[in-house]
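Letters A, B, C and D name the chains as they come in the text, with residue numbers starting at 1 for each one.
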Amino acid sequence: MAKICSLAEAIGEFLRDGDTVAMEGFTHLIPHAAAHEVIRQKRKDLTLVRMTPDLIYDQLIGMGCARRLVFSWGGNPGVGSLHRFRDAVEKGWPHKLEIEEHSHAALANAYVAGASGLPFAVLRGYTGSDLPKHNPRIKFINCPFTGEQLAAVPSVRPDVTVIHAQKADRKGNVLIWGIVGVQKEAVMAAKRAIVTVEEIVDDLEADANACVLPYWVVSAVAEVPMGAHPSYAHGYYERDNRFYTAWDDISRDRDSFTKWMERHVLATRDWAEYRDVLAKTGGKV
Amino acid sequence: MADYTTSEMMTVAAARMLGNGTVCFVGIGLPSTAANLARLTHAPEAVLIYESGPIGAKPEVLPLSIGDGDLAVNADTVVSTPEIFRYWLQGGRIDVGFLGGAQIDRFANLNTTVIGPYDAPKVRLPGAGGAPEIAAMAGEILIIMSQDKRAFVDKLDFITTAGHLTGGGSRQAAGLTGKGPTAVITDLCIMRPDPETRELVVTDLHPGVTADQVREKTGWDVRFANDLRETGSPSETELMVLRDLLKRTAEAHGTGK
Amino acid sequence: MAKICSLAEAIGEFLRDGDTVAMEGFTHLIPHAAAHEVIRQKRKDLTLVRMTPDLIYDQLIGMGCARRLVFSWGGNPGVGSLHRFRDAVEKGWPHKLEIEEHSHAALANAYVAGASGLPFAVLRGYTGSDLPKHNPRIKFINCPFTGEQLAAVPSVRPDVTVIHAQKADRKGNVLIWGIVGVQKEAVMAAKRAIVTVEEIVDDLEADANACVLPYWVVSAVAEVPMGAHPSYAHGYYERDNRFYTAWDDISRDRDSFTKWMERHVLATRDWAEYRDVLAKTGGKV
Amino acid sequence: MADYTTSEMMTVAAARMLGNGTVCFVGIGLPSTAANLARLTHAPEAVLIYESGPIGAKPEVLPLSIGDGDLAVNADTVVSTPEIFRYWLQGGRIDVGFLGGAQIDRFANLNTTVIGPYDAPKVRLPGAGGAPEIAAMAGEILIIMSQDKRAFVDKLDFITTAGHLTGGGSRQAAGLTGKGPTAVITDLCIMRPDPETRELVVTDLHPGVTADQVREKTGWDVRFANDLRETGSPSETELMVLRDLLKRTAEAHGTGK
């Protein structure tokens, strides 16, 4: 049931205005190319879910694609703030952004609950934290056997989950390895799943117990080499730490951010052309 | 004796707190530097766990982010992020949680969420990440933070992560099982909670640091232990290993310095 | 923290009278050698937990080691009944056996909850089944967000879990591969864990995302080649289907069962000697 | 036309029910035989999932037990047993659950627990296994059972697994989401639930079987459809593939026959 197609087709067919969208990848395998395509296709009113909304969501938020953000840690890892995220939350630019804020443990459990077809997740969490005061979607329940109090959060059930993986085979079976994060849960929790991969191969050569997503839980697979950049793909290329640092400057200012996005994303046809432009500009606006 | 910076002193003092064989849940940044320094010096059997999934990580260089590939390469195994939080942290397998923070109060509660009101923030900080549950579930917590009046504050705008809450028995009463923060290591001193009140008390001053310097950098009327000690200054080995690690890291990440 | 020692030492030190014990392995890697050692050391009053209490628990129950059984399917797979289990439940021989009966889904979730440090598990389960009428440890709760009714069962938290695995290294890190069943959860849910392995090696040569149990969650590792027989160890030996069939005859009758256990287990020093005797008797009483 | 046994007819009729590309949660025994026959004939893309962990299993020979190694060897992936029940079954990824049973009633409820009272059983059966949640969560359920008065009973001593409960809208009212049993395939006939009452009705008789034969082997006053059909007899290909599979299986397991 996995459709092997271009990234533009995959986003065009499976990711719609108003959708709840999870793009996952924990430092590793962040689906940056797919996010660019969402921006190019001018999707709007999205509810974006992600444990660590770093550069990928900073771009989507700054370009006005998001109405709502569900998250647990929003920063530029190892560098500092996400300026577009902060501008949206602090000043409402380019428009107001609703937020639903969790801890990592809660959001990871919410994905697990979604993948498990459950309406909510139970965890030992949030005790003593002010987060439940500001998030009505954190409640407390009691164990029916011991009476202990535990936290409950609604499960995450995206309309579409987008991930990047190392490989798919020609049927659309997907292999992820190394730091696998919460990607399997995000895919299993979603109605539809779009996967970009470094390469499509004849045989995954996967270990018996490797993290494999069978083709019939994947809606579309698109081959997009370097599609996680500036994130990394274990076995293919390393994290581009310089880009993360450079993003701090690019994104600090509304104007320079907008110009950068126009030049690099809106004015390019696809990820390959973006990569060419990026090589020419050296990431400068 | 070797020259060293206050930042080096902080990292070395924090590293020393980590016992050999300890299972440590490591936050990114300063905690990760200290934990790896411990592993490369007196605690070769320390087990480092990162929330992205690596268990028994042995990175050659420091990760810039919590999910760097180097964390996976030499790890004993790499599991999913939900499994880390469910089976390993919540399952009670962590001895020590090693955290940083943006702001801390006298009871070692942490704020990494907002400065100002939540709904109209002056500064929006990154948020909770793994901290609330690490601080709740790990056997004990070590906190490493550079000392500053804007960081060591009288009252937090927001409690992201519970330390000793309002002191005394309030942490236990809230149902938090782990010991909570047992030490805060800064670039000036080491603070530990008073056994009764759970208020942070300066127990160790780093060499050359005065009590007044600590007072100046603390947003509350900070107390000092009666038997105030001096932190042992970094050994040559500690400094050499730390500098080597930071140099390797800068080279590998192409982040200069 | 894993102690590398003989199986007799491991059972002697870490598995005590009155313990709640989980021996897991789903067809694959069933820790038969360890169960024999428990019988040899005459442990009693055990609460035995296992999704599929097949031959391994038939032997423990028939030898009077168990006071209570928590399970979800008790049969001789592909053959028929477990005669010792049935005799205990139907006729109270050798003594009365309390049972706590679940479905596979519930018991699997109960292990997950135990591994996760939670007091109970939530699942969509048991609707329309008579099991909740006879098991007070099945309750129903409502989702605090949607109001939906869901089943709840107490988590499984064994005093000791016993499993068999393919390999351990000299520190006691354990690798399981192939059909991994519920073993990781059973180990993580337990206070102590005893692992028998086919071999102890210098290097596990495990894939990054393989099912590895680090040495510090394992109490003891004992090298016991063929230690899963008549179950199998993927990559080492196949399931001995003939033995499962033969067990039907051996175990049907109290006398023949007792004689068989005396000759093969009580009268042998260890698993190696048992294997010798078994080869001589051809499994006949 | 080839000679065949009633058991072969049953297996072939059941196999035919499995569409190509269907994701099927397979019970051990007869369901597993039928599902693999389907895979080896008209449904090469059927995805077989076993509760022990294999997804996309393609066994060379039939498993004797639910966790045979052969299930793992050619599978697309092998996950943990909890994951099978959580992400795959409860997560709503299963089209068809293929079950057997010890006893069935007119509403296709199943008993695999006890004959006689639960606390003083006459016969203690193996218990639930995966059946209650498979029957609840899979898109629909196929049941394959040899027909016999002691198996097809008027009233179950124990409902292990809900089919259509007391008929009508009772299944839906109980909160069960899947369609429940859509067909029961026996060695004599195929029964399907009446669209209104949900009582099992004989819709197809296997070649040469009479309605009286079915009545004799059914513990309730069984009804027959107005448009009662005859099951197509096994094709030569179906028989050849089935016999080959059973022969390979017996040889591999050393279980003779």
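The definition used in the following text is that a residue touches a chain if its C-beta (ideal position, glycine included) is under 8 Å from a C-beta of that chain, and two chains touch if they have at least 3 such contacts.
Note that the structure is predicted; figures quoted are calculated from it, not measured.
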Could you run down the chains that neighbour chain C and chain D together?
-> A
Pick the pair with more C-beta contacts: B-C or A-B?
-> A-B
Could you please state the distance in Å, as a whole number, between where the Cα atoms of chain B are centred and where those of chain C are centred?
-> 41
Centroid spacing, where centroids are CA-atom means, of chain B and chain D in whole angstrom = 57
How big is the gap, in whole Å, between where the Cα atoms of chain A centre and where those of chain B centre?
-> 28
Where chain B touches two or more other chains simultaneously, the residues are 72, 78-79, 86, 90, 137
Sequence positions of chain A contacting 2 or more other chains = 112, 117-118, 123-124, 148, 178, 180, 184-185, 208-211
Every chain pair in contact, whichever chains are involved | A-B, A-C, A-D, B-C, C-D
Chain B to chain C touching residues, read off their complex | 21, 23, 47, 55-56, 72, 75-79, 86-87, 90-93, 137
Of all residues in chain B, which touch chain A in the complex?
-> 28-29, 51-54, 64-69, 71-72, 78-82, 84-86, 89-90, 109, 113, 118-119, 121-133, 136-137, 158-162, 165, 171, 174-176, 253-255
Contact footprint of chain B on chain A as seen in their complex = 26-28, 51-52, 71-75, 77-78, 81-82, 85-86, 89-90, 101-106, 108-109, 111-112, 123-131, 134, 148-149, 178-182, 184-185, 211, 232, 234, 238-239, 241-242, 244-245
Of all residues in chain C, those that touch chain B in their complex | 1, 112, 115-118, 173, 184-185, 188-189, 206, 208-210, 212, 214, 216-217
Within their complex, chain A touches chain C through residues 117-120, 122-124, 137, 139, 141, 143-146, 148, 150, 152, 154, 177-178, 180, 207-211
